Each structure stands twice: as structure tokens, then as C-alpha cells.
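When the chains are written out, they are named A, B, C, D and E in that same order, and each has its own residue count from 1.
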Amino acid sequence: MNHDFEPQIIAFCCKYCAYAAADLAGSMRLNYPSNIKIIQVPCTGRVDIIHLLRAIEDGADGVYVAGCMEGDCHFVCGNIKTRKKVEYVKKTLSELGIEPERVEMFNLSSAMGPRFAEIANQMGERIRNLGPSPLNIKQAA
Amino acid sequence: MNDIKSGSNLEKVLKSGNFAFTGECGPPKGANVDHLKENLAFLKGNVDAVNITDNQTAVVRMSSWAASAIAVQEGVEPNFQMVCRDRNRLAMMSDVLGAYAMGIRNMLCLSGDHQIFGNHPEAKNVYDIDSMQLINLVKTMRDEEQFLNGEPIDGSPKMFIGAASNPFADPFEFRVYRLAKKINAGADFIQTQCIYNMDKFRQFMKMAVDMGLCEKCYILAGVTPLKSVGMAQYMAKQVPGMDVPPELIERLRGAGKGKFAEEGIKIAIEQIEEFKQMEGVAGVHLMAIEWEHKVAEIAQRAGMLPRPDIS
Amino acid sequence: MSTKGTNNKVGSVMVVGAGVAGIQASLDMANAGYYVHLVDSSSSVGGLMAQLDKTFPTNDCAMCVISPFLVEVGRHLNINIIPNSELESLEGEAGAFTAKLKNNPRYIDSVKCTACGQCRQVCPVTAVNEFDCRLDLRKATFIKFPQAVPLSYTIDKNVCIGCGMCEKACLAGAISYSDQARFSEIKVGAVVLAMGNELFDPSLFDTYAYSRHPNVVTSLEFERILSASGPYKGHLMRPYDREVPQKIAWLQCIGSRDINHADHSYCSSVCCMYSIKQSMIAKEHAETPLDAAIFYMDMRTHGKEFERYRERAEKGSGVRFIRSRVHTVEPLDDGGLKLKYIPESGEVLEEVFDMVVLAAGFATSKDTKALAQRLGINLNAHSYAQTSDLTPVSTSREGVFVCGTFQSPKDIPQSVMEASAAAAGATQNLSEQRWSLTLTKELPAEKNFSEEEPKIGVFVCNCGINIGGVADVPAVREYAKTLPNVIHAEDNLFTCSQDTQENIKKIILEKGINRVVVASCSPRTHEPLFQETIREIGLNPYLFEMANIRDQNTWVHMKTPQRATDKAKDLVRMAVAKAALLESLPQVTLDVTQAVLVVGGGVAGLEAALGVARQGFVAFLVERSNELGGMALGLNATWQGEPVLPYVMQLIEDAKKNERIKIFLETEVGHVTGTIGNFTTTLKSANNPLDTKVINHGAAILATGGKEYKPHEYFYGKNPKILTHFDLDAAVRNNDKALKDSKIAVFIQCVGSRTEERAYCSRVCCIHSIKSALILKKLNPEMQIFIIYRDIRTYGLREDLYKEARQQGIRFIRYNKDNPPVIDSDNGQELKLTVKDHILQRPIEMNPDLVVLAAAILPNENKTLFEHFKVPANSDGFLVEAHAKLRPVDFASEGLFLAGIAHYPKSIDESIAQAKAAVSRAMRIVSKNTIAVDSVIASVNPDRCAACLTCVRTCPYNVPRVGEEGYAIIEPSDCHGCGCCVSECPGKAITLKHFTDDQINAKTDALFYIEASC
Amino acid sequence: MIVADRKPLSEILDMITDRDKILIMGCKGCVTVCNVGGVKEVQILSSSLKIARKKEGRSLTVDQITIERQCDPEYIEQVKATINDYDAVISMACGVGPQFLSEAYPQQKFFPAVNTKFFGGATSHGIWEERCAGCGTCVIHYFDGLCPVARCSKSLMNGPCGGSSKGYCEISKEVPCIWDMIVKKKMEQGRLDDLLCFTPAKNWRTSRDGGPRKSVREELAI
Amino acid sequence: MNDSYKPKILAFLCNWCSYAGADLAGVSRIQYPPFIRVVRVMCSGRVDPLFIVNALKEGFDGVLVSGCHIGDCHYLEGNKYTVKRMEILAQLLDLSGIGRKRVHLRWASAAEAKPFADNVIEVSNIIKEAGPFNAKDHEMALNALTRALSTTRLRWLVGIDRHLTENENVYHEKTDPILFEKVKNDAITAEYQKALIQEALSKGPVTVREMADQTGIAIYTVSKRLNELELGGMADLKSCEGNTPRFASPV
């Protein structure tokens, strides 16, 4: 696990819970790695398999989706559908010989600022341990 | 019921009102017939007829009519089994004719286990006609002396037609109707699945008797002695349509290590005793595959010997 | 009602107190055409609810629920928030009041202040932080909570030493020490009082060692301990030594139902529920298993879903409920607290707890009493606003209305209902002044940029030092200039400040910019503000994208400024990539039929219809039976003794007289189609289904009411001496001799309620039984009266009835669910009742001449009706509201409202309040002639649609359906814009406007410097 | 409708090992409805293949097109201009697609990305089940709308066989025993005696066993 | 105290008065014990309390600060600030258990050679009386003092003290001295206790009770001060085994 490797991680956050929790983490001045880039969507239900694959294809080392707690989704059940899609992408990645742990789904409420930072740190750490995405290694070499 | 169909030993035993006793023996997994002959030797004289299985559980073995022909040579009357899985109607008719020509007089028409249970799950199955239609086909060949398409047969096969019945499979309440259907289709004798749940079987036999099936057809109760607790549990869980009551397994376990086989035989013998008295049961079909050497002892201890010789 | 010259009426209303009730009333009135002055004595709106962590019974986080409302009231064009102010006097009469206000100084200009918090960091003076009760400190310059509205700091002059440090630290130049108290006068048409209550201060009791030991906390303090924004960031610790408590005790009725110490004889009606909630949430928070015990006299969980909530706490989370009043709390030296108490079984027990939470009740504050005095509002004995049950939100002074806990202790749903009711009451006589004072923004026509290629303007914000202090903003600005389609990039100190907004508009017009990207804080709080700004110069609001480089960048990467700068560049590049693909979305508006359909002719239906008519709109009142009045016809008097029948007769007469109310008796609702603002309903006459009538309306209020449960227990119907409540009321009405002569009368509570198949409390039977017992006592003072109960739930001020009943010698015997009282009447005449007395712990027998069963209240059977409106009913058959706390009279589907017993059993005053509330909620729609529909909605491209039904099956609101033409159709006004169908559609036929696939992919591509590939 | 499953990625990758410019063709018919061959699945497959190739450091250009159906020559015609510019074409339609394409464009190599399986319908969102085996002589009215030919593992006409237990077929607990359902339904409807009469052997001639079939609408075909 | 003990005393002498006074004492051959080591400063106002704490840390047993009499200060008001600073330092020394007797403030004008010498004698006797000051025993206290005295809060309050109480504050009124005194005292105790706790925290995750033992502050006070540190981002919850949470300074 080389220390100079700076992973690029994309996070799809739902507007009502995860994005709000990210803002709260900011107003609480918590800390998480700067290579997490957040994209806001109205509901995680909007995140499609193609968005996750496209991110990996573009060169992301890690992608995660953060939605509301199960049962609390602003749109009733968007988060439950997306968890299934994330499982599908994990299966596809392992078929392609890429570590499925690079893609993940998390659930948290808009009041969980500390939890958002914890997730970001946890994913940053996990991707740093996994090293750069195989797609990037070939490019680099 | 009483006009002679095939004149086979089994038919005569049953027709004469004796308590029939049939065994079972699996053909070899190759062309070497020594082991087959050994088993037949064990059975000779101890049973009225021996079922020769046809690719049981879809595992490839020597074909049933070949093994049956060898049995005839060895002087043991075979019950030639045919399943609907492996042959279409042309092959079935030609095999029946061939078997008859080789001196085989009894046959059993079975659906057969699905090929995914066997050692060639990739195979294509046939199921051109089902067991009911096979019974009727052989009956038509024997009585109307015609092929399925109505053309005459030169030398019709006088087979004593048998079928299987599983009194414990679901839907239980329909099982006796299906038995009736088989009998109407032309079955002369029936061998049931091996029985462990005695009360359910009593209930089944009561229904069969009430429907008057026992006048039209001989019903043989299936018995398979349990060799070990493991076997009992395997039968209970894995074999579809098998109903092994837990108290039986407990009794087996109670017998203690090393004595399972003995206890299994004791149970089998008790069952046979009861079947002798049970109304509607015309005999017992002992399935002791790989235990052929024990058949003599079981027959002896169940008082089935000597076998009636009705020439 | 003085109708002296309607022209001098004023089309605005003043709301005093900006708690959840004040906010709800203001929003209702502002959205129905009245200008609202929202006055609050503290520095921010939000009131008590802002301090809560979670709310019962749904355990939602309070702040997540209320902050959208705070933002809405903060930004509303027609709501003028006046913080730090008190109402000095109120002259004039209903329709034309003159209110004198005292505006206390804040010393910080709330327009300039961006709440960056620098002044707080440098301020040398600390003081007790009232928001977190006494658990932590704040500085002299403070903000009540991070989501405060107005979002600005204030200086607390009594502790400030005037050292001037904050002025030095403030980059926005927002500090103005010269701020003075000012007086202002405002003309208003009506006033709504919603000052709320304060919590009782238990330092009065020395037996609970509250003032002597930090581990004895009030319930509000415990709420702050649980809260993620509280002193311990949501970790459950006890104040003394920050240990995680393993045993916590809740003591109920502290400062309520208490006449020797606190002289508050009433019940505060919410403490039982919030203690249960706190015990469950504490168990969730605790790292190690937590033993929670609640010491109570009567467990009062009388609200909707409350009984099940209590079951879940007891059975699911293992909370211990101990029926006993704790005598003393003795602090031990290791921080533990020894409790001495006597449970029902009688022996004296001692138990050591790590923490004790005192469930403090409500009390009217001194300033509220003084204000009521100044305004001439009569207060009752408990110093709550005196109101009649039949006009529950009107005070003793004409034109002044009341809602929330200042009227009497109540929970949030009840307060919100009363707030909407007060809104309806206040605006009822001002309807001719509707829209007279409200402001509307004059907007120029939108420019069409569809032909032009994108010309993007990027505005990078420093936000004082929040961004500029960490990231290199000029570098980001220069970088933005290099991005494709960017024709202008600049940075400024505060992009959201008024002056910067002005010059942004100037530059956009000068340079012909047609897409705007602002890199600053969170779109959640500031997107509407910037969208409005660019709309003011003809740019469609959706030609706008934000990059959050503060909350999600500089604030969380303070220690790595270089990386924060690089990330800011990445985020700007991504935003610009999406901006290039943005299209302008038309503002879809539908016209509104200004009429309301009211289903159900009971008191709730009548009040709703009259409310709508008095607001000036047509109301169709549909009643299934052939007479109006509903259940109320069988009720003699309200809990305060006001006769009900004359009131109901008057209601019916007014309804018949009012020409705006069209009454349809013996009529059922047939087919319902259409959406908010445009419903079309066919009405079928009950006895001749062919006779139908089609009506158009903009909103509908379901007030289908309920009925009394006819018990099959206790030999009801087999013996004339056994009655239900309505039978008793009837007997009293025609003063049946048998009542006077009976020597022993017995009331049995919870008949049919709180059982397996009906696990809810019917809320009003305890009150009705006790009130009837008092009437019987008056009829024949020698009569021995027993009330056999499980929990006496005389909530709120109704506790006086219970006090008086005990004083009159009525005896109360408690039974529990497993061994209820047994009645056997062997020969049909002589009744024998045996019940185990809870004190003697032995069964006692009696031969009552009269047995009254407190039968449950059931909802009326309306399965088909509910299906027509596609509205859900819960397992007990009561209608399910959109949100238990903040939308208690709305349905989830827009434009439909509910009121009365159909929502949940309630007393007549609560039904009246809910009916008026439903009217106020309906006014939000019906008072306008057009209604705007959200533009971020899904739309189907017909030729790509394979009619595979995926969208029909996926949509949580089952909006899409496949039409006759063979492709999916999504009704714009129904779509909520979540996008679930978009991501599941196998043919990619559906796109979600403003969040299309290309726009999302453009962001990921941009992050990795990939040009817009296919 | 025709129901199919997409082939595993490894298999598809093997098909295009030494080909660097491919076209993926979706079909808006049945495969879109069963979520294996529509526009979305074409995008997903394209992205997956590009990821795999990028991982090996070799480029892959993928074009995408989805036509109305791949079982009508006129629609196949639409790709005539560019079809031969690719090293390979992956068809995500049912088995009919690749064949129609191969017939129309002999020199191009067509690969199926999808395994066509059965005729069936959606019993719930995302789950399709076989209902018809296309035997050419429909007999479901004898069995109260429950077809044993398609839904019994042994196509028994006089079921159930001895292996039926607790309502499930002997081969697996996921496969309900159709005969169990037929028997129970007949009992409920009081039509049990329909089952007592003997069903003669079925004429398989009209099924696939009778050779590849063709259906002609006399009134249309000239 | 045995006579052999020679205390080491640091003396800050303001250039215009005390230093000149000391020279005069020399010229006049007035004798005083040789324990002081002189550092010349332009004005007693230049002496930062941190210098004094540092001196104690480095091994001095006592410190003498000597400047001009009030009103004579060459820089008009420098010594007035010194008075305020010495007050706050004295309070902190008492709080830390070191005791204010280690530090002395005296005035001596350029002409007062004798008074200067007397001061030195008096201070030497007091320090001798107090005995040697072993910095090692007070390491935590000294570090805490350094921390407290470098907070903007205390330094700002000391500086602004006179301006608010004597001239006017931002509200153009004189700040009520009692209020200011209370604010200052609160600030002194608070900052000192927070500094002590930060010392404990910097040595790795500790529980509240451990902090209380190490710093001698009452448990509940530690809990409250810890909260102030958390809000200021200078401490956070590290772990929580069983039910005792451990806190540490952020990484």
C-alpha cells in the first residue's frame, strides 16, 4: 500500500439525507480525505448501474452510494432498489477481475454528520489499501 | 382377474392365492455379469421373481431386458422394468417384443427419475409417453395384439403387466385414484414404494380395498430394510416422496452401534408379518439392493420359504 | 362582529411566538394571501422543537423534520420575521389592530452576517448556553443552533464586556455596537398567540437533588445529551464523569399533577410519551446494554399509534414500567443515585441508578402571563388562555386567536393542528382583503437560449475565510477560465451578499452569459436564492449549477489546504461540465377550481364546510345518511360542561342557510379523478345509484367520522342496567328515573380499547366516564360510584375532573389486562361484579344497579371511499396522515385533507380544531387560481418506450401508467421527481429533467478530464 | 413473450478477444421487457467491456445501436451502411436476432450476448417464469389452465409422478409441482373425475420434435 | 534553611529606573546578596509572564521584576500593564500550587539605590525561605501555565482590562469592574484547567476520572472543561470500551 497513491473516489449522495449529512459534517468541521468527490442526486433511486460502471470506466478507484436509512427514504423505497443495483455492479466487477469492494452502498440519516465523515474515512482507507484501480495501473505502467 | 395373462411364475403364484415375494437386483455398471449372476444365485429359490432395474436414479447400467434375459438363463424369473425417460414409443414397443422373445414374462412400467439425479444430467430426456400410457400400450399389444397405431403384431407379447405406486407422495388424497387409473389402464400387479409409515399405508390400503382395487389387481407392499441411521436419515431427507417417521429412526439409533443392520432386518420382518395379515396385500416386494446375500435369511426368518412351486 | 366599514380592514396578521405552531400558522396564512408579521422574543425561530433530538411516535430526528419549515418561513416573501421583539400593546378591534412592538437590539446586522462563526471563536466571555440547558457554555456572541433562521449571530449584552474583539474578527463588517432598542407600530387585521410554554424548573424540589447533583437532569437536558448537535455530540454520557450510564430512571409528573410543591394540578400530557421515546433512543445510543426504568402514576399514551409505541418499548426494547412515585433521590459519592420507592406489591425498594431524568411538565412563563395581561386575554386558573370547547382557538378578545401549548399542554401534532385552525380563524373575517398586502415578484420574460451554444459564467466565493482561508480562491478562478465554454470567471468575498448579487446580474447581462455556475456553499441552503437572482434578469432558474466547495471541501479539509484547492478545481470542472448540458425547464402551472368537497356531515364536516364558505369559496358537503350532526347528536356536553346539542343545531342551521354550501344528503362519493387543484368527482345518491351528479373541486376534506363500539363483553345488550356512554347520555337527557334510584353505579374502562385486535386507546372514555360520574353524584349524592380502570388518562387541563371526582368520593379501582372485572347476572335482574382491588390485593364483590361500559370508538366503514381517493387507512381503519408531526391534517397525495374521528378518536374540541385546520390547509390551494408544479419531473419519450411496465411497478407513488396509445404516461403534477423509474427503465425512455444521464455522466467524465464522449 | 438471460461477461469477452472495433445491437422487443437487451443493457455491456479492455491496457471502440426489432428484415436493413465497418457485432436480441443478421450480412461475424430460454411472463417485478413449451397443440383447457407439457419436468399427461413432495417437483424446491396444482384445483372446482379418465399419448408432431416449423398466413403470403 | 543554599533569582530591570538604580547601588558600593541575575528590559511592561514561567522551568528559584514607580514610567503607562500582568500571573501560580511567592514585583527609581538593594535582599530572603524550586515536580503545572498564558483569551483580557474599566468600551460606557473581574477570573481558572486537561490528553487516550486524578481537578469540573475543549475542537472522543469513554487531543 504505497502512501503517495491518491485514490479518486466518487460518492453519489441523495439530497435529503446523505448530502445533508455531508453538509452537517462540514458545519461540525469534521475531517475526511479530500479525494471524495460528491455528486448530488434527488434520491439514490436515481443512481443507475451505468453511472457506477461509467465512473469505474472513467478511472475512479472507488465509488459509493449514500442514501437514507432503510424505511426513511424521502421517496419511500429508492434506497432499497439501489442497494440491489450496487450488488449487481459488485458482481459485474468481480466477473471483470476487479475487486468488488471498490463499490459500496451506505445508509445514514441527515442528522448523522459524524457518520458521514466516518464513512468517507472508511472508504478512503479501504481504497488506499486496495491500491489504484486496475484500469489506472495499466495506464500508468 | 383369473384368466392367465402371461403364465409367468409370479402370475401363477399370485393367481393361486399364495403370498408372493419378489426381490430386486440392479444390473452391472458394465458388461461383466459375474456379480449379477452372484446376486441372482442368492435370490434363486428365495423369491418368486426379481425386479431388474432400468438405469435406476438415471445412473447408466446394463439395459434391463439384457440383464433380465441373463436372469432367465440363470433360471430366475425376472421382472423387466422400463422407464419412460430414455425411450420414445418406437423403442419401447420394440424392446417389449425383444424381451418377450427372450422369455421375459413380467414387466414394470415406471415414469423413471429425472436425469438430473443421475450421472449424465446434461442428457436430453424423452418422456414421449408416460407410465400410464406405457401400461395401456403393453396391454394393447398383449390383448388387441396391435401396435399403438393399430397395425397388427406378428406374435403379441403376453406380458404380466406391473406398475409402481407411491402411497406417501403428495397430493396424498389423489394417490389411490391414480392407482385405480393405472389398474384401469391395464396394470395386473402393483409394487408400492418402500414403506416405513405403517399407519399412512394402512389408511391407503383401506381406501384401495374400499374402491375394490384389490379384486382387480395384486398389490405387493415394498420393503427395504434399513442398514444404518445414516441411511434412514438420507432416505427421509433426500429421496423424494419418501416418508420415514422419526420414531423409526429413534428406534434404530436405540439399538446401539453395530446392531443397526440387525434392528433393520427385525423391523422389515415385523412389517412382512403385518402385511401377511393386511387385507388387500397380495405379497411383498423386498428391495435389498447390495444386500442380496441377506435375502435368504430375511425370507427364512419371515417364514416365506420355501417358495411355492406351481408348475 | 363589527362590520363598520369593511374597507378599513387590514389584510395582514401578526403571529406572536415562532415555535412550530407559530411557523405553521404563518406559512398557512402567507400561502393563502395574507402578509404575516412573525414576532419572537428570542434571536431565532424554531422554539422548543429545535432543541429536541427525536420526536415520538416515529422517532424522526426533530431538526430534520423542522429545518425545511425554518428555511421556508425564512425565505417567504410574505412573512416578515421580527426576532428579539416583544408585543407591548394591542389597540383597536378585530380587522384593524395597531400593535406596538419593542425590538431589542442584536448588535449584529442579520442581513450582513453569514454565520461564519469567527466572532464566536475569539470572544473571551463565556455564559451558560440556554439552548443546551446547563450542560455547556456559549460565548457572549452566539447563534442558538446551526440551522437558525435568521442565520445570524447575536451579542448577549448582559454578559458582554464590550472588548471589541468580535468586530475585529468579523470580515462581513456585520457588528454594530450602536444598535439600540427601538419601538415600532404595525397595523394588522388579526393576531395569533403562539408563545408556547417553558419547562418546569425542578430545583424547587430538594428531594430530587436536581440542583445538587449533575447526574439528575431534566428531560430537555437529556434530550440535548441525546442530540447529535448537543454537548456530547450524541454520545450517551452522564454529565458528572462522562461515563456511559448503564441504568437510567425516568421520574414522571415532575411539576405536573402536583398541588403541594408546584401548584400545577394539571397534567402536561406529553411527558409520558417523551420519556418512553427517550428510554428507547437511549437504549439505541448506549454502547453497552442499558437498563431503563420509568416510574409513573398513570401511563398516558392516548395519542395515535402511542399505545403501540408503548408496547414496542416494553416488549421490544425491554423498558421497565414501574407504577410508583419515587420518594427521594439520594446521591452517592461515586456519582450514582439511590432511589427509594414502593412498587404496587407494597414493599419498600431501593435501587441505584447512574442517571435520573425528571420528566418536567409545562408551565406558562412570567412574560407570557404579563403579555396576556397587557392584551386583555383572560387566562384560566392554570394561567392558560381561556377558550371554549366549541371555539377552541378563539381567545376572550375578538380577533385574537391562540394555538399551541399557550392554550393548554399538548403534543406537536395537536399544536400544529391548532396552528392551522387559528390561521383559518384569523383570516376568516379578512377574506375580502386576501392578496391585498402580499407582495409578488415582477419577473421579466424568460430569454430563450436553445439555439445559442453554452456561454458559462463561473463565480467563485471566498465566504469570508471559510473558503478563502483554506483554498487558494484566485487559483480556482484562474483555473475556471481555462475550462470549456467558460467565457467569464471571477471571485468575491460573499457571493450571497446583496451587493454581489447585483453586480453578478450586471455581468450576466453585459457578457450574455446563458449558464451560471456558483462555487460556494451548499445548494441545499442557497440554490433557491441564486436561482431567484438569475431569474430576475430573464435566465431560467434551471440554467444554474452549484459546486459545494465549502461544507464539502474547505470545512472538511482544513488541514490540507493544497488538496482542498485541487478538489475545488475538480468540483468546479465537474459543475461546468454539467452546466454545459443544462436546458431551461418551463414552469408548469395548472389552473385551480376554487371549491372544496367535504365528505361526512358530522361536526368536523360541518365546521369544515362553514370554514370554507366563510373564507369565500364554495363547499360541497356530502353525507351518506339522511341527517347532519353525526356522533355529536348523542353527546350531552363537552368536558368543560358546555351543552353540545344547541351548538350542533346552530351549525346545521348555519350550513343550510349559507348559500355557498351545497348539501347532498343520502349521497355517496363515486369515482374521483384529477389531481391537486382539479378534481372531478361523481356523486351517487345512496338509494338510487343511477341518479349521479358530477362536481369539480380543487381540494377535498374527508371527515367520515366514527361510531361507538357495541361491546359483546360484560353481557351488554342482555341486561337493561348495562349501558354504554351514549346510552347513559340519552338516559340523562330524558332524566330516566332508574339513574336517580340506583345506589351503586360502576364504570368499566377500556372496553374494546387496548386489546389484541384493537391495540389503540380511544382517548376520551376516561374523561367521559368521570364527567358522567360527577353528574350522577349531583343527581344522587348518596350513590356509591366506582370507576374500574387500567390507566386514567385525563390529559392536559382535564386532570381537574379527576381531582374533583376523587374529592366527591368516587372510588377508583385499577385492574390489569390479564384479570379484568367479571360480571355475572344469573337471574337476569341481580348483577354481581367481582374485581381484584389493586391495593387490598384481594377480590371484592358488589351488586351494582347501573354498569356503564366505556366502549371504544371505531372508524366508520369506508373501504370503497378510501379506494376512490387512493388514501391509506392503518390496520385499525383510521386514515393515515402525510406526517404524524408536521402535516397531521394532510394526506401524502396533494390536495386531500382529513379531519375528525376518521383520523383518530378525539374530543369534540379537538375535532373542531382539526376541521378548521383542514380548511386552512385547503386554502393554500383553493385561494389561488393557478398552482405551480415542480419542474424536476420525469418525462417519457414515446418512441423509445417498450410498454414493459417497469416504471408502473417501480414508482413508489404509482404515478406512471401505460395509456391506450401503447406507451407509458407520467402525469406532470403527480410526479415527485425521485427518478427511480428513470434508472430502472430498460429502454432508457424516461429522463429526469435537470438530472439526465448525460448530465450525471458529464460530471464523472469531467473529474477524469474526459471530453464529452458518447 | 420470449424470456432470455444475458451471457456471463467472461464468455462475451472471449468472443471479442482479438477484435478492437465492435458494434453492440440492442432490440426494443421482448429482450427490453425482460431487461437483458434494451438500450440500458447495451450501455451496461459496452461500459463493462471497455472496463475489461482498459484493465488489460488495450483499447476497444464500441458503437451502440438499438433497433425496433431484430426479427424483421426491414429493421435489420437499417444498419446496412455501417455494419461491415466493425470487427464483430454483438447482438443482444433473442436467438432470432443473430441469425437474421447473419442471413442479411454474410461476411460479418455476429455473436449472441444473450441465452434465449423460454416463453413466459413476469410473475413479479424482475422475475419471469416459463409458461409455454411451444408444443404446437394446446391442451391446457383439459388441465384448468395449468400446462403440464411446459411446467412438469417430465411433461406427464397423467401425473403426478411419485417424486412430488409437499407441492414441489422432485428436481428442486424452487419448482412447484404442476400436477399438485392441477389436482388441487380440480378438487376445489369439483371436477376431479376429469383426471380419472385416461389421457392418451400426445401427438408430438406439431412440436419441435416434428422438425423446424413455419407458419403461413394464407391471406397475406403471396 | 541551611545557609549554604544559594537561590538562583532572575531579575528583570527596566532600563530607565531600576537598572539605573542598580548601577547607582554599584557606584555607591551598596551590598546585596549575589543571587540575582539581571536582564535589562526597556520597560517593565516588556516582561511577558511567559518569560517568568520559562525562567522557573529552566531552573530559577525566583523572579524579580522591577520597574519605575507608577506615574514615572518613561513610557508613561508601561508599568500599569505590568501590574495587571503580575496579578494574573500570581493568580495562576496560586492555582497551579507553585505559589505566588516565587515572583515579586517592585518599583525602584533611578535614584533609589538603597531601596533597590533592600528589595533584592527582601526577595532573596523570601526565596531562600521558600527553598529551591524543582521544576521537575511541577512539570505538568508549568506546561499548563505556558499553555494558558499563550491563549488569546487571557492575553487579550489582560491587555484590554484598563481600557474597558477606565476609558470606555465599544458601547461608549465604562465596563462594570465587578463584571470584568468576574469574567477575568472565570477566564483564568477556565483556561488553566483546560490547559491542565490538555496536558493529560496529550499523553494518549484518558478517561475523565484519570484526568481528574492526574490534574487534581474535581471530576465534574473536568467533565465541563472537557466539553469546552471539545467545542473548540481541541479534544474528541477516541474510544469507548464497556461504558468508560476515553478522550484524546485530535491527531
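Quick notes on this one:
One rule holds in what follows: a contact is a pair of C-beta atoms (placed from the backbone, for glycine too) under 8 Å apart; a residue touches a chain by one contact, two chains touch by 3 or more.
Just so we're clear, the structure is a prediction, and the values are computed from it rather than from any experiment.
Counting steps between touching chains, the shortest path from chain C to chain D takes 1. Steps from chain D to chain E, minimised over paths through touching chains, total 2. Taking each chain's centre as the mean of its C-alpha atoms, the one that lies farthest from the centre of chain E is B.
The chain pair with the larger count of C-beta pairs in contact, out of C-E and A-D, is C-E. Ranking all chains by how far their C-alpha centres lie from the centre of chain A, first place goes to B.
Each chain gets a centre from the mean of its Cα atoms; for chain B and chain D, those two points are 40 Å apart.
Once the centre of each chain is set as its mean CA position, chain A and chain C turn out to be 34 Å apart. Chain B and chain C have Cα centroids separated by 76 Å.
Between the Cα centres of chain A and chain B there is a gap of 63 Å. For chain A, residues touching at least two other chains, in rising order: 29, 48-50, 54. Shown for chain C are the residues that touch two or more other chains, namely 233, 954.
For chain B, residues touching at least two other chains: there are none.
The chain pairs satisfying the stated touch condition come to A-C, A-D, B-D, C-D, C-E. Those residues of chain A lying in contact with chain D across their complex are 48-50, 53-54, 56-57, 92, 95-98, 134-135, 138-139, 141. Per the touch definition, chain B reaches chain D in the complex via residues 84-85, 89, 111-114, 116-117, 125, 127-133, 136-137, 148, 164-166, 169-171, 173-174, 177-178, 180-181, 184-185, 193, 240-241.
For chain C in complex with chain E, the touching residues are 121-122, 124-126, 135-137, 157, 159, 161-165, 167, 177, 214, 231-233, 235, 237, 239-246, 286-288, 335. Across the interface of their complex, chain A is touched by residues 60-61, 63-64, 146, 228-229, 233-234, 522-525, 548, 550-553, 555-560, 563-564, 566-567, 570-571, 574, 936, 954, 956-957, 976-980, 982-984, 992, 995, 997, 1000-1001, 1003-1005, 1007-1008, 1010 of chain C. Looking at the complex, you find that chain D touches chain B at residues 153-167, 170-171, 177, 180, 183-184, 187, 192, 195-196, 198-202, 204.
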